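Below are two complexes that have chain A in common, paired first with chain B and then with chain C.
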Partner chain A sequence: MAAGLCPGRALLSRRGGALWALLGPARGLAAGPETHFGFQNVSEAERREKIYQVFENVAEKYDVMNDSMSLGIHRVWKDILVHKMNPSPGTLLVDVAGGTGDIAFRFLNYVRSVRERQLQQKLRHQQNLSWQEISKSYQEEKSNPLGDSQVVVCDINREMLKAGKQKAQHLGYSEGLSWVLGNAEELPFDDDKFDVYTIAFGIRNVTRIDLALQEAYRVLKPGGRFLCLEFSHVSNPLLSRLYDLYSFQVIPVLGEVIAGDWKSYQYLVESIRRFPPQEELKAMVEDAGFLRVDYQNLNSGIVAIHSGFKL
Partner chain B sequence: MVRGAEPRAAPEPQRGGGAQHDTAPPRTGGGAAAQGGAMLRGCGRGAAAVLRRAAGSRGASGQEQGPGPGRPPEPSLLRFLVCPLSKRPLRYEESTNELINEELGIAYPIIDGIPNMIPEAARSTQKRPPAGGSEQP
Partner chain C sequence: GQRQQVGRVPLYPGHIPTSPLQKALLAAGSACVALWDPYRHDMVAVLGETTGCLALPKLRDRMRNDPEGYRILQERPRIRLSTLDMARLRGLPDGTLGREYVRFLEDNKVSPDTRMPAKFVDDEELAYVIQRYREVHDLMHTLLGMPTNMLGEVVVKWFEAVQTGLPMCVLGAAFGPIRLNARKLQVLATELVPWAVRSGRNASCVLNVYYEQRWEQSVESLREEIGIFPPPAVRV
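Moving on to the complex of A and B:
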C-alpha cells in the first residue's frame, strides 16, 4: 500500500505533499514512507514526533550539553560559520532550526561591530567636520547600531524557541531579532526575501532534507547565500575510530549524567552516522538549484560547512 | 483558547450584566452576547495573565495586557510572514492575536509573541469545516 502511494506522492506539488502528510494519518493510511530515527527504521510521521520529543526534552540543557559534549568547540564552529558569512550591516538572515539562537546572536554581534567600525572610519576620513556633524554621527550610531540588519529565528520546536528567547532577554538582545515557530520543509516566508539562510546542526533532524533545501532556495533573494553547518563524515581511519569511541561510549553517558536523558543523546550520535557525507550533501544542495556549492571540513570532517548561492 | 473560555463565561455572575443565556453564545451573537463578550474579555485577560505567568516571561517588553491571549508579535516580523501552505499574505487580527489567511479560512495563533506557523496548529475560522477538511487541527 505504501509502495502504491509513493509515485502518487512524487507527483503531488510541494504543497500537496505537505497536505498529504497531514491527510495520511487522518485517513488511517501508513503515515509516510519508511525513514530512520537513529539506527531504527520508523515511518516519517513517527520520526518527526520522536525528534520533536528529543528536542523538547533537551531544550533546557541544550547549551550546557553542547559545551560538554564538544568540549566547547561548538562555539568555535559557530564562530567560523558567521565569519564565513561575513555579513554586512543591512543583511537579512533567516536562521532555520535556530532554536536557542546561537547563530543569531553571533550574527548580531558581528554586524554591530562592523557597523561601529564603519562609522569610526567615516569619522576618521572626514577631518574637517564641525562639532554638529560629529555629534550627529554619534547619534546615528546610537539610533541604528545594527544598520538595519535583521535575523529571524525559525524553529519547529516551541521549547527550543522559548529557551532561545529567554537567553536573548538574559543577554540583552532585542533589536533586529524575531522568533517564529515554523517547519523548515514549509517555511512561512515569501519568495526572494532573505540575504542569507543558515541552518546549524538542524538539517540532520529534518525529515525531508530535499524539501528543506527547496524552501531554502525559495526564500533566498537572487544572490543569496545558503550556509549549512552540520556533523559530517571523518575519512581519516584512526580519527574515525577515536571519534566513534567517543561518540558511542562517552556522549550518551554525558547525556544521562548532565541531562538525565540517555536516549536523546543516543539518537544524536546515531543520527550523525546516518546523515549523508559531504559529497552527497553537496549533490543534494546542487539539486535544489544552488550554484557554486562547496564545503569546508572542520576538525577533519567531524563538522562541515556547506555553502551555495542562488544565482 | 478563546473559544474554550466561552462556556466558562456563561455561568459567571460577576462583571455586571447577568448571563441571560444558558448555553454558550455564538461568537458573533446579538445584543445578549455583548455582555457575554465583556465577560469573555475578562476571562481572556485572566487567561492571558495565567499564560504569561506560566510561560515565565518576565514581561521584558512591558506591554499592557492585550485583548487577546498573549503578546502581539513584532511589527518587523509581520512583514516577512506568509501562510506556509499557500504563501499568501496574512492579516493580523488584534482581538484574537492571530494571523489570518482569509482565502483558506485559517488562523495561526501567536503565543508569547511567537507566531505558530505550523499548519497543523492552525485553527479554521469558518463556521462549517471546509470541503477538504485537511487544514483543521
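Moving on to the complex of A and C:
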C-alpha cells in the first residue's frame, strides 16, 4: 500500500513492489525470514497477512472490545499519553497505526482547550481594548480554534481507517484531521515533516519494528518527539500471574462472546507476551537515533510509554 | 515469559482447545448474550458446546447402539446445500420428507449452511454428534410442522430437550417463552408443550435416522416410524 503511494520507492523496497511479484513461486524461502504470529512461527509475509486479517475482523468492534478487555482503563492510558505530549497549538502530529482515531481526537481536544486558554489570557492582559479589537479576537478564536494544529492519522488497514472516519463524523471532528493509508515500516511522508510521532498499541503489530523506528526518526523534524504507548512487561510476580490468568483465560472468551472472534483476541494476548520488554524497546529506540530515550510504566508495567527526541 | 495457554492441540479443523475455566466463562457469557439477543445463533451454539459434556457422550452411545445410528457415525453424512440435490427434492411428491423439507427451507428463508461448526468440543466424534444435531434441527421443524418464529423454535426446543438432554435445549425451552405474549404462552402451555414432551418421550432417538436416505418417505409415515404424534391443530 505504501508502495502504491510512493512509486519511486517501490522497486527499491526490500519487501514490497513489483520485484517480489515477479519472483512468484520462486520466492519460497524468500517469503521472508521466520518471525512469529503470537506463539506460532510464520514467515514475515504470512505474519503481515494474518495481522491485516485480524484487524479487518476486529475493526467494527474495536472500541467496544477495548473497553471490555481493559474495563475502560485504556481511555486513561491514552489520556496520559496526550498529557505527556502536552502539545501546543500549531503542532503537527502524525499518529501511526492510529486506526479508530483515539489519539487523534484527544490531541484535537487538547490543543483546542489550550488555544482557548491562550486567547482568554491574551484578552485578560489587554485591559483597554476597544470593542472592535475584542470582537476581532473572538473571530480569531472561531476561525482558528485549533491554532493551525494538525493531526494525520496513518494506518495500514482500510477497515480500521473506515471505522475511524465514521467515528470522526459521528463525534463531529473535521478540522485539522486527515486520514492516510500507509505502512509504518515505509511511511508515505517526506523527511523532517512532523513535530510529534505517536504510535499507540500499534508497534506490537509491526513486523519489522526497527524499520518502523527508523521511519519515525526520518519523518520527524529536528527537535521532534517520538512517543510510543504499548503493552509491556510486568515484573511483579504476583501481579504478573494475575495478569496472565486474566489475559489467557478471560480475554479470548470476551472476544468470542462479544465479537464472535476468539482467534483475534488469542493473537492479541500472545502478541503482548512476544513483544520486547521496556529496556529492550528503549535500546531499539536509541538504535534508531533517538536521544534522551526514556519510558514510564503505567499500572506496574502492563502498559509503558516510551519517549525519545530527534536532536 | 511465553506460555502456551492450554497444552492441547486441535483435534479437528476449527477446534479451539479450552481450559475448564474458559469453558465455564464461555458458558456463562454465551448464556447471557443468547438470552439478551436470541438472534446471536453463534452464542446459542457455544452454549450448547460448552455445556454438553455429559449429554453428548450419552447421545453418541445411543447412536452407537442403533444400527442406523451406527452407520451415521461411520459415514458422517453432512447436510449442506452443496451435498443436497435441491432440484430433485423439489420434484418429489408433496408430503414426502424431501419435498416438505425444501418447502420449509424456502418458506422460512433459511439454509442448512448457516449452521456453525463445532469449536469447543474436545472430542472429534462428539463434535460430529453436535454438528449432526444442528444440521438435523431443520428436519425437526419439518417433522414437527413448526415454523421458525419464536413460538415454533420454543416448541422444537422442548422436543429436543426431552430427546437429547442437552442443557442448551433445556435452557432454551425454559427461557425461550419469556419473549412470548400471553396468548402464545397459553397455546404453548396447554397444547404445544404437552404434545412436544409426549412425542419426545415416545419417539426413538431422532439422531438415529439416516434422513438423507429417506427423502422419498412420506412425512406421516416417518413420524409414525419414529414415534412423533401428529401436531395439534393450532396456528403457530
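Assume the second predicted complex is superposed on the first by the 281 of 311 C-alpha atoms of A that agree within 3 Å, B and C clash if a C-alpha of one lies under 4 Å from a C-alpha of the other, contacts with A are read in each partner's own complex, and residues count from 1 in each chain.
Just so it is clear, a contact is a pair of C-beta atoms (placed from the backbone, for glycine too) under 8 Å apart; a residue touches a chain by one contact, two chains touch by 3 or more.
Computed from a predicted model, the values in this text were never measured in an experiment.
By the touch criterion stated above, A:Glu133 is placed in contact with neither chain B nor chain C. In the superposition on chain A, A:Asp294 makes contact with neither chain B nor chain C.
Touch counts on chain A: comparing chain C and chain B, the chain ahead is B.
In the overlay built on the shared chain, the residue A:Glu279 is in contact with neither chain B nor chain C. In the superposition on chain A, A:Asp210 makes contact with neither chain B nor chain C. In the superposition on chain A, contact of A:Lys165 is made with chain B only, not with chain C. Once the two complexes are laid over each other on the shared chain, residue contacts for A:Asp192 go to neither chain B nor chain C. In the overlay built on the shared chain, the residue A:Glu34 is in contact with neither chain B nor chain C. With both structures placed on the common chain, the touch criterion links A:Pro252 to chain C but leaves chain B unconnected.
Contacts of A:Ile156 after superposition on the shared chain: chain B is touched, whereas chain C is not.
Residue overlap on chain A between the chain B contacts of one complex and the chain C contacts of the other is empty.
Residues 39, 244, 248-250, 252-254, 256-258, 260, 262-263, 266, 269-270, 273-274 of chain A touch chain C in their complex.
Across the interface of their complex, chain A is touched by residues 1-5, 16, 19, 21-22, 25-26, 29-30, 33, 40, 42-43, 46, 119 of chain C. Interface residues of chain A facing chain B in the complex, by the touch rule stated above, are 15, 18-19, 22-23, 26, 150, 152, 156, 158, 161-162, 165-166, 169, 174, 176, 178-183, 186-191, 193.
Within the complex formed with chain A, the chain B residues making contact are 55-58, 60, 73-74, 76-77, 80-87, 89, 111-121, 132, 134-135.
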